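Here it is: the structure, laid out below.
Going by the order they are written in, the chains are A, B and C; count residues from 1 in each one.
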Amino acid sequence: MSSRDKILATIKNNQPDQRDLPAITPPAAGSLSDLSRQFIEVLEGIGGRAYIVSGWQRIATILKEQYTNTHRIVSTCPELSGLAEVSQHYEDPHTLENVELAVLEAHFAVAENGACWITEEKMIERVLPFIAQNLALVLRRKDIVPNMYEAYERIAGAEYGFGAFIAGPSKTADIEQSLVLGAHGPKSMTVFLLDEEMSDAGYY
Amino acid sequence: MSKQDHAALADEFNKDEPRVDWHDKTLWFVREKRDKAAQKVPEWEWLRDTASKIKDNVLSNLSEYLTLFEEQATRNGIVVHWAADAKEHNEIVYGLLQRHKIDMMVKSKSMLTEECHLNEFLKEKGLDVVDTDLGERVVQLAGEPPSHIVLPCIHKKKEEIGEIFHEHLGTPAGNADPQFLTHAARLHLREKFLTRRAALTGVNFAIAETGEFVVCTNEGNADMGAHLAEIHIACMGIEKLIPQRKHLGVFLRLLTRSATGQPITTYSSHFKRPRPGQEMHIVIVDNGRSIQLGRKDFRNSLKCIRCAACFNTCPVYRRSGGHSYHTAVAGPIGSILSPNLDMKQYSDLPFASTLCGSCSNVCPVKIDIHEQLYRWRQVIVQEGYAPAGKKLAMKTMNWVLSNPSVYHTAGKAGRFFMLNAPFTVNNRLNPWWKGRDMPEVPKESFGQWYKKNRK
Amino acid sequence: MRVGLFIPCYVDQLYPQVAIATLNLLEKYGCDVDYPADQTCCGQPMANSGFEHLTQGCNDLFIKNFAGYDYIVCPSGSCTLHIKDHLHGSHGQEAADPAMGIRKKIYELVEFLTDILKVENIEASFPHKVGLHQSCHGQRGLKLAQMSELMAPPFSKPEKLLKMVKGIQLIDLARKDECCGFGGTFCVAEEAVSVKMGKDRVADHLHHGAEYITGADMSCLMHMEGILRRQKSTVQVKHIAEILDSKE
């Protein structure tokens, strides 16, 4: 009898009596008037930055102010081809080692914890959101859900090979509980919330 | 190995009182952060109750969920292995590395691999494993086991970490700045991520329905390892399953708030298929869990999601430190898991508690930890692991307390000695007296007073 | 109502004034109180040490002494909880077990005053700064007060009663419900941690200006008193029964 069979047989023998799954709809909370406000507050609390922008032009302007052309910027977004490498694939993920900034699109964000959901097909390479020194994610302002329950309602049965919730920059507090940003992943994390209804002149 | 004892180790730990104060305050701070985070979630107690019920369902259908998970994971292209015990687990991991002719690996946090002593096993075989979680790297370089399952080097002061990094990473002597040290570790470990072909991770949650698994980190080290490696090995205990993807909406709301007070870890990475060209393996490990499952009084301990909230709230853990528990997973949950692995070796742990009940009430999956501690004490004594002296004392106590006249005589005698010959109790042989004065002795007991004044 | 007075063994032997205060309080509020002379102990020290199988003698004695009362009242949260959770007769059948009846009618003193006697008024005066120690078994086990671990509305039965006492000033604490470290045989088996926990509890009260430390369990107070006296402190412990029974 293989280990597998032995293990499963013992488990089957030792399982307690059936306990049914509970309903998982959370009790109704008060409705949140502005999810983006809560999202931004939480994101900033965890060391991230947020901008509400009217469009890609704004994003490009902001990034040009923060990064010079000596920095390697990689993106999936053709709108940023003026300052970034726009590529769909890299043969060897190790070659992404010197990426200063990755700008990627996320599917949606979660207000209660400042996290953004992004799957493999939007990452170019799985390692990119982690290996870049800085990360920026772009999503529509209206694509913010209140909490993780709604998040998984939204993900539902979607097919992906790899997906991640990313909440702010990489961090650690392992040394005497002192918070340090930039453990192994990106040292900074910026979220751009696209709001087409905003006037072109303004940004948060 | 001679039997270690929590009380003796805790006694050593308490010789440095300022250090105990520092350790206690640091961990209490984490408990307070958990409280603040939980207060922000109005449905917190509902979440705990729901998570508890989901895990009850998992345990009652564990074999079915495991079979489903294996089927789905295999369909996804993940190779599934089964290990009956720590030895088999270590050999499976070694075998995979050998097949790929790999002798260097990066590893992110996995308490299961601590339990199996994987690092020592691989080292003996000539392989090099680098722990990439910062706290784990610190204790690895220090040659110690982690003292906390979420905050591995919480017992180390920054000056000590500075010294360790000076010795092993070449940072300047005397530099204890967390920012600087973390950056040094970032560079040091980045080189490992970029050059190693194998990565091993733990598993926070495995989803039966979809055959995917989730790894939660703040640092991003699991991802840096896995996405650059040719082979990704994930290790999980049989009990890490949850039924459906949507149940993550419950567990990911509870896990990090309970662990550190953050609403979520920086990265919650969902692994479903190997990267094109990569091999992804998962090792499902029993190592005594299926036995625990059969223990009606203790099976609820398998609901644990390894958040360590119980550690942070435990007044005994905070004042004795993880190493006093001499086991991979310490604290209150460790004290109800470990006796199942080796009752003799860990017979002291269920007694390292005042049964205050704080742990059970911070546990996100409502494990009745303090009640299991009480029940383990009965089992351990019945199995014959109580020290002989204690047995005798208890038998005597039973005789006295079952017989009113003996009790009254003993009471009178005790008070007589305390009053007239205090040196008989106020001495080094009386463990109470080491740190406390004895109570004042009244002239008469209540029973005597009542007889005189009321009957 | 006929009340059987259950006095913890160490209160009987070392703190009779607590038992007297308990008796006074119950009689003041109209109870017909009897103290069975043959009582000894609830058996908890043995049970908590893993020797529950040795407690049948204690159990039988307890059942014999207390079966006949309307209520059993005890000035100790941990002893009351132990009886409620663990008392059983030697005959096996739960339905016919007299222990089950006892479990339903045993009350710790504070909860008896608030829930059964529904005391709204206390003629007592204690003009001092008092720190309230929330003994764990009473608080988390008998639900005498809300625990800080749960996200739930606050309440406190001991506080409710203490606030009725004239002149009393209840102090705040940094850690409202951390364990004192007594823990039964833990107090000697894990002496170092036990004493350290007690010292920390005491320090919290001292830091906030307590002149007295009170609570519903004399075991916790005995342990803290031992530490206070070792420190030559002027701060004293007083069981809540003594404060509620203090003369004007």
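Criterion: a contact is a pair of C-beta atoms (placed from the backbone, for glycine too) under 8 Å apart; a residue touches a chain by one contact, two chains touch by 3 or more.
The structure displayed is predicted, hence computed values, not measured ones.
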Chain nearest the overall C-alpha centroid of the shown protein atoms: B
Farthest chain (mean CA position) relative to chain C: A
Separation of chain A from chain C, taking each centre as the mean of its C-alpha atoms, in whole Å: 52
Between chain C and chain B, distance of the C-alpha-averaged centres to the nearest whole Å: 32
Whole-Å gap between the CA centroids of chain A and chain B: 30
Contacts with two or more other chains, residues of chain B listed in rising order: 41-42
Numbers and ranges of chain A residues touching at least 2 other chains: none
Residues of chain C engaged with two or more neighbouring chains: none
Touching residues on chain A, where the partner in the complex is chain B: 2-4, 6-8, 10-22, 24, 26-27, 29, 42, 46, 93-94, 97, 110, 112-115, 125-127, 129-131, 147-153, 155, 157, 160-178, 180, 182-186
Interface residues, chain B side, partner chain C - complex: 6-7, 10-11, 13-14, 17, 20, 24, 28, 35, 38-39, 41-42, 44-45, 313, 315-316, 319-320, 351-358, 361-362, 374, 377-378, 380-382, 386, 390, 394-395, 397-404, 407, 411, 414-415, 431-432, 434-442, 444-447, 449-451, 454-455
Touching residues on chain B, where the partner in the complex is chain A: 26, 29-30, 41-43, 46-47, 49-50, 53-54, 56-57, 59-63, 66-67, 82-84, 88, 132-135, 138, 151-154, 157-158, 161, 178-179, 181-183, 185-186, 189-190, 193-194, 210, 218-221, 223-224, 226-228, 238, 243, 245-250, 252-253, 260, 262-275, 284, 286, 290-291, 293-294, 296, 299
Contact set on chain C toward chain B in their complex: 7, 9, 11-17, 19-20, 23, 35, 37-41, 43, 45-55, 57-58, 60-61, 136-137, 140-141, 147-152, 175, 177-179, 181-184, 186-200, 222-223, 225-227, 229-230
